[in-house]
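This is the structure I want to talk about, given as structure tokens.
Note that the chains take the letters A, B, C and D in the order they are written out, and that residue 1 is the start of every chain.
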Amino acid sequence: MPHKLFEIDKEIPEREKHIYIKHCSDEDNEIDCNKSTIPGCMTERGCALAGGRGVITGAIKDVIGLVHSPVGCQYYTTGVKRYPSKPQLPNGKTFPIDNFNLKYSFGTDLKEANVVFGGTKKLKEAIIESNKEYPFASAIYVNSTCTTGLIGDDVDAVCKEMTEELGKDVVAFNTPGFSGVSQSKGHHITNDAVFDRLVGTKEPPKTTGYDICLIGEYNIDGDLWVLEKYLTEMGLNILSRFSGDASHDELCWMHRSKLNLVRCQRSATYIADLIEEKYGVPYKKVDFFSTEYCDDNLRMLGRYFGLEEEAEVVIEKYHGEVKEELKWYKEQLSGKKVYIFSGGPKSWHLSIPLEKELGLDIIAVASQFEHLDGYDKMKARVKEGTTILDDPNSLELEELILTNKPDLILAGIKEKYLAYKHGIPAIQIHSYENGPYIGYEGFLNLAKDIYNNINAPVWELMDFESE
Amino acid sequence: MPHKLFEIDKEIPEREKHIYIKHCSDEDNEIDCNKSTIPGCMTERGCALAGGRGVITGAIKDVIGLVHSPVGCQYYTTGVKRYPSKPQLPNGKTFPIDNFNLKYSFGTDLKEANVVFGGTKKLKEAIIESNKEYPFASAIYVNSTCTTGLIGDDVDAVCKEMTEELGKDVVAFNTPGFSGVSQSKGHHITNDAVFDRLVGTKEPPKTTGYDICLIGEYNIDGDLWVLEKYLTEMGLNILSRFSGDASHDELCWMHRSKLNLVRCQRSATYIADLIEEKYGVPYKKVDFFSTEYCDDNLRMLGRYFGLEEEAEVVIEKYHGEVKEELKWYKEQLSGKKVYIFSGGPKSWHLSIPLEKELGLDIIAVASQFEHLDGYDKMKARVKEGTTILDDPNSLELEELILTNKPDLILAGIKEKYLAYKHGIPAIQIHSYENGPYIGYEGFLNLAKDIYNNINAPVWELMDFESE
Amino acid sequence: MSVNVYKRDRQVTIDPLVTCMPLGAMWAVLGINHGVPLVQGSQGCSTFARYHLARHFREPIEIAVSSFHESTAVFGGKKNLNISLKTLIQRQNPELIGVITTCSSEIIGDDVYGFVDSNKQELKELGYDNTEIIPINTPSFAGSHFAGYDNAIDALIKNLATPNENIEDDNNINIIPGLLNPGDVNEIKHMLDSMFVPYTMLTDISETFDSPLNPKKQGTPYFGKGGTTVNDIKNISASKGTISIAKYAKTGAETLKQTHKVPAVTDNLPPIGIKGTDEFLKTVNKLSGYDIIDTLMTERGLTLDLMADVSARYLAGRKVVIFGDPTLVTGLTSLVIELGMEVVMVTTGSEEKTFPTDIESISKNQSIDVFSEGDLKVVEDYVKDKDNGVELILGSSEARFINYDTGIPLVRFGFPVYDRVGYHSQPIVGYRGAKRVVEMVTNEVLAKYYEEKHWKLQQ
Amino acid sequence: MSVNVYKRDRQVTIDPLVTCMPLGAMWAVLGINHGVPLVQGSQGCSTFARYHLARHFREPIEIAVSSFHESTAVFGGKKNLNISLKTLIQRQNPELIGVITTCSSEIIGDDVYGFVDSNKQELKELGYDNTEIIPINTPSFAGSHFAGYDNAIDALIKNLATPNENIEDDNNINIIPGLLNPGDVNEIKHMLDSMFVPYTMLTDISETFDSPLNPKKQGTPYFGKGGTTVNDIKNISASKGTISIAKYAKTGAETLKQTHKVPAVTDNLPPIGIKGTDEFLKTVNKLSGYDIIDTLMTERGLTLDLMADVSARYLAGRKVVIFGDPTLVTGLTSLVIELGMEVVMVTTGSEEKTFPTDIESISKNQSIDVFSEGDLKVVEDYVKDKDNGVELILGSSEARFINYDTGIPLVRFGFPVYDRVGYHSQPIVGYRGAKRVVEMVTNEVLAKYYEEKHWKLQQ
């Protein structure tokens, strides 16, 4: 009986199929996933707009991101992600505003009249005005939303018209919040739109035999810059990024990459597939969390590009820097029980590294919006008896805490403070605490954050009477 | 009956002679002043150490100021005055520590054993250590205090010995707190010591026919820098300062000045007299508070040095800059009643300017430690009926507030908050609020502070019921 | 002197200062003891709001959603709501569920009133009749979160307040706080407690948004501590009066006046600054008959004491921009003027009809630029225009980059403040809140404008 | 782990962190309702102290002086004292005069006890017998202002506490707060009030050093509001116990124990941080028998909640230097360690025998450098030594130039704080004080170490 119905779920037994306890090697049991959430069950999932503008296009440094919606959708997607960007552009110029993507959001702030009479006129004006305000922006990305989806505004047509009028790309992303079952749908829509509308429309200033494209790497808290350092030092050239610290132009010439590396395989394999299919550019799924995966993947790239020695130099240098410290942290952390609840793939990225390299005991893994392929990887990478949850809700989190008594939870901001209330340390694994978390130094940062969270003296002070 | 006994003073009738109401032209009535304060009467006066180290030597930028005392005397004189200094030295070098005079105080922190067995050994060690810590200090000034005065430490002898040992000036200032009736005694002692021990011991790198020495200007909140600007622009050369923003060496060559200007005539006329007597350098008492005095005194200097035209240029420039604004302030402030309670001469410096140039009504003036010559000037510069007080105490201030109902008090920090408690605005006239207060721009600063204090909306909010 | 009212000359909103209606309704519902907001809409509508509330309060924010998907757009949201209510009640057994509509549910024409009615019946038959279910209309495009809050409070009052025939006449005062932080609500409670005035906070987020950490006492499912009980709201119809602190949240007070004859005071200055707090206390005194006691006058005196110490000396004439919640901006403008500072520009992000005249009535001899329905870009352009000589910004963390780019100090208040800690739990209202604001303002001025001339700080 | 105790290797003091004994005695006497300190010494001894207290509290500080001059050195201070007492009593009619000796009066051998006795007789004959006159020995060279405070409290207790035969046994607790700020004393009072414990504060500067501004109610001659009454002190001999918050101020508690059998608790952690406050409340509970009520536990939980939010995320391992009052430094060291930060160095400026062991007992696994009898130069050298990696300074305004020169944030506490406002009126003791410290520390860390990577502040 690998599935498990939580106590709190007795009234919603359909949840049983979403929660699985790993048992021997039974490969057949499928976890129910990527399905509609039970209404009112206190899900942690978001919507397609979050997946599109929030996760992907919000990381691009030089575009005007315009949300066509009542004010809320724009408000909520304004500068909330930890997506720093540098103003350097691939043409050698400097974008006039630092962290433009974090600083400015644009929106149509639709009012009742617009809903009744349609919002396209306001959208056009907003596009023109935005462009006037920041004429140096490389492109304008327009997201449609629940409201504009439902009232039937033809955002594609407006964007097409505006592209011609302004002489720069104005791109429509049709991401009404109700599309699909989670933010995952927004990823897919955005992948498709970027591919359909942009990829192949520009050529890079120059190409080399070592050009790669980092796909699904959003530069959370500087992750991308860590990888960029390793890859550049071993001789590769980052031709495009999708989409952390990326410029608009880079997306347009992703087809010129020699190899695409897919970092977040949930949100961005789509575009890698499409590019491979249309342009024949191969891709590799890569994993740079932890020192071992980092070693492996850098070596793989070394082999692929004939840069084996260069890869070893990079590995020796950066792995060497963290080895001793990680050893110390492993000693401190051994046996501590951890529950990983990521948005998507971090639950399978991190399970083995945390166990092998930090001695932690992964007792449960979960994801908001993974698909079956992701759950298969999760299953493969956890030990017997580990609980795997799809789209767990707040009440399940609480039951898991009280039943399984983890020492630490890796989750998002919504779960973090809930865990705290039950006396359990929690780290924000979506946006990190003191990241970056990728690569060698990133894994050390993660180890430090884990150590500091578990060992924060405050947890020993909970009880007045025990003093 | 020009003297007045305050109601609160009925048990200490000797106070009557210290409080005088200006009447017609009776010149003969002397105000009792520069006498011992009645014990326990809540005087605002300080001690000789305050007058010596606090007022005069604490302004010098490049000397180690060492207080030979239990820790309190040092503690209390550490960086408390608003005496900024610039690190530039007359030899063209830069003193390695910015605002050294504000940042560091030195002391012997005498303990019981030192009191019993004498403190000179500790003093020597302290001098040697201080010098070792800051070998670039130009000299070491040692103040004796009540304790070291009473236990009979021969500070002069120690300083003499140390001067030889260290090869730099180590100067004794014998300023026990009980010397004299107020801080005024400390001024005198310090004037004498500087003259006896330093003046004439060095020669300036070069001299000109326009060399002057600013005596009794301590650079409160940057006052000196204002005057320096005017004087330099009209072609004079500030050869020495006594002692704001001064270097030690400047004091040693004060005798080479062509003319000494005495700014604070209470604390520093002594040394001007001594220099004139011994070296024949004439001095002028100057007054740069307000635009009119500033005009007059710059013109006087212009005549003296044959720089009449240059003086006019400076006057036109700087007086011109403030004229209109001062006019506006005068309109706003006309008729507001003011009580000036300064340490020394500001009570006579400011009375006419505040009336003539700001329209204020000076209803009372007072001083902590003025001497008879000062009170004569006060008397001469106030209108009929003005109350003049010598060494007024807190209780008299309260009676004056409740009886005469001033709109503003210019006084020190100890009186400021007491005035506030009775709902009366107060400006710190010793150390200023938003100074500098001297010169044209300084007078405008003072006008602004007066205006802002009187018009602070908070004074209209005192009464809950009136709303 | 006067205010100069400017309207934004753009259609596009660049960095909005407000969000849409549902958030205000969630806020209101989360002030109910064991209250759960249920968003009738897409998952983003709850998740985004939870995220934003969580990062401000650093607390768990439990908001349910009926998870609209494509099919809902076609078939309507009735089924979603049915399942949601049942799931919520079965699993969490809340005292109250606020059914909060969204742009989606409103556009597709969901009849939430009808849905709720039929559901209540169904649930009753299933034996679940302990939970109040309150429909709240908050079509996102119809207003800001302030309006959403107003609708929610009104809906709670309309649906819960029962006729006062059976309720003994009491001395209760109702307070509609508006979107105040826990620290502010606590300060209002402190003032009322000091006067021994019984009150009902409509609603009370002071503990639900700022709950103590005490795992041993923490039950499941999680509910924040405190909140106004459903019963308390049922009993408000016999109150002595209702004070709405925020003008944008006066509808509930008016409803209560119309339906139950409870006097309503809805047009006062908020209790921010001396005058505002004076006015508030006098109103409480007038409505309740309870005396304003000396401890409050001591607090007043302590604040005045600080104001006297700092206003002429450090603050006079310094130019200030204030943006945010219209009530808070109005109150802070009053306080900042009481400090002798110069308010040069204010904006609220939402269109509040009386805001310009409110500002004008407190502007004294100052000339203030009022931007109606501004956004952060309006603030940024104003602050970065050197001709305006802005020396201080009062606003939310939204202005962090303006502060970062210009070095002009930002004194944080209101919502959201996420780049510093503790702000939500400290007041700006009341005399003690005023004192805190004066401290913050002065200390920022000292650090920025006096530190470079450090000697001025020596006494 | 351990502490490394260093002694200053200089005879010379560079920027002292303490002043001499009389200031402590003045502080104690100013905590008496209508109490006046009378300094038997030179004018500087009162004026300097008034200046320093005034710039910290921004309040009138009325301290009398008997104005020693040269003649006094020759003839002794008897006449000065006679006149002073008469003048003071006639003009101000205080409830109590503390006659505070100085280096001068002690060196010339003034017998203040004898002087006061003969004066009392004289004054009685003149009809002035309402004022208590308490001689307090504070020879400046015999210790720091902490010792002066201790002497004063002890003198007050010795001279005023009357045998308890005629006093009904009561539940009173005595608190000797040490040189705490008004905000701290108020917080202690808040905790006791919450528990309904009756208490006598020995002495209480909470209002005399922080008086409300209310000119209409302000009498003359000026006395600060509040303070402990002479009568209250007279009655303490029947108390349930005395808690001395500061170890340097335990003599009075011991005296009361010896003379009146009042239990004394003098060796606890101060109520700073969670453990310290827990310990304090348990002691109060134990001595008084009154329960620790839930509101205090809520405050505790709110502080823990903030600590959980910030400690691992922003503060863990950051290196801190703390200097100042030994009690406050001990308490703050405990709190800072509770935050997961690393205290690398502490110093007090005075020589406190138990300070190193106190620090050691709370050092947990940290290695802390303790400088016995340090001065500001010790702090400066330590902070400026890059090898020490100091990231934060907790101390008084004295460290302003270290902050100015290095940019390392200074979180201000204690005495004196004159370059910012409001600090004296806000607590660092108790759970709420701890919360305030955590807020200040975290916000300084965020501004200094996170602002440059601003994106980290977005959630």
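List of remarks:
Please note the rule applied: contacts are C-beta pairs under 8 Å (C-beta built on N, C-alpha and C of every residue); 3 or more make two chains touch, one makes a residue touch a chain.
As the structure is a computational prediction, the values presented were derived from the model and not from experiment.
Relative to chain D, the chain whose mean Cα position lies farthest away is A.
Separating the CA-averaged centres of chain C and chain D is a span of 39 Å.
One inter-chain figure worth recording: chain A and chain D are separated by 53 Å, centre to centre, where each centre is the mean of the chain's CA atoms.
Averaged C-alpha coordinates put the centre of chain B at 33 Å from the centre of chain D. Residue numbers of chain D whose C-beta contacts span two or more other chains: 51, 55, 58-59, 211, 213-214, 297, 300, 304-305, 308-309, 401, 454, 458-459. Across the assembly, chain B contributes 79-80, 99, 102, 413, 417, 420, 462 as residues in contact with two or more other chains. Viewed as a contact network, the protein chains fit none of the simple shapes, being neither a path, a ring, a star nor fully connected.
Looking at which chains touch one another, you get A-C, A-D, B-C, B-D, C-D. Residue ranges of chain D in contact with chain B, taken from their complex: 10-16, 18-23, 38, 41-45, 47-52, 54-55, 58-62, 64-70, 72-73, 79-81, 83-88, 90-92, 102-104, 107-108, 139-142, 144-145, 211, 213-216, 218, 220-222, 377, 401. On the chain A side of its complex with chain D, the touching residues are 79-84, 99, 102, 221-222, 413, 417, 420, 425, 428, 431, 433-435, 448-449, 452-453, 455-459, 461-462, 464, 467. By the touch criterion given at the top, residues 8-9, 11-12, 36-50, 66, 69-80, 99, 102-112, 114-115, 122, 125-127, 129-130, 133, 145-147, 149-151, 176-182, 394-395, 398-399, 402, 413-414, 416-418, 420-423, 462-463 of chain B touch chain D in their complex. Those residues of chain D lying in contact with chain A across their complex are 274-275, 278-279, 282, 292, 297, 300, 304-305, 307-309, 311-313, 316-317, 337-340, 364, 453-456, 458-459.
The residues of chain D lying in touch with chain C in their complex are 51, 55, 58-59, 210-214, 225, 297-302, 304-306, 308-310, 397, 400-401, 404, 418-422, 425-426, 435-436, 438-439, 442-443, 446-447, 450-451, 454, 457-459.
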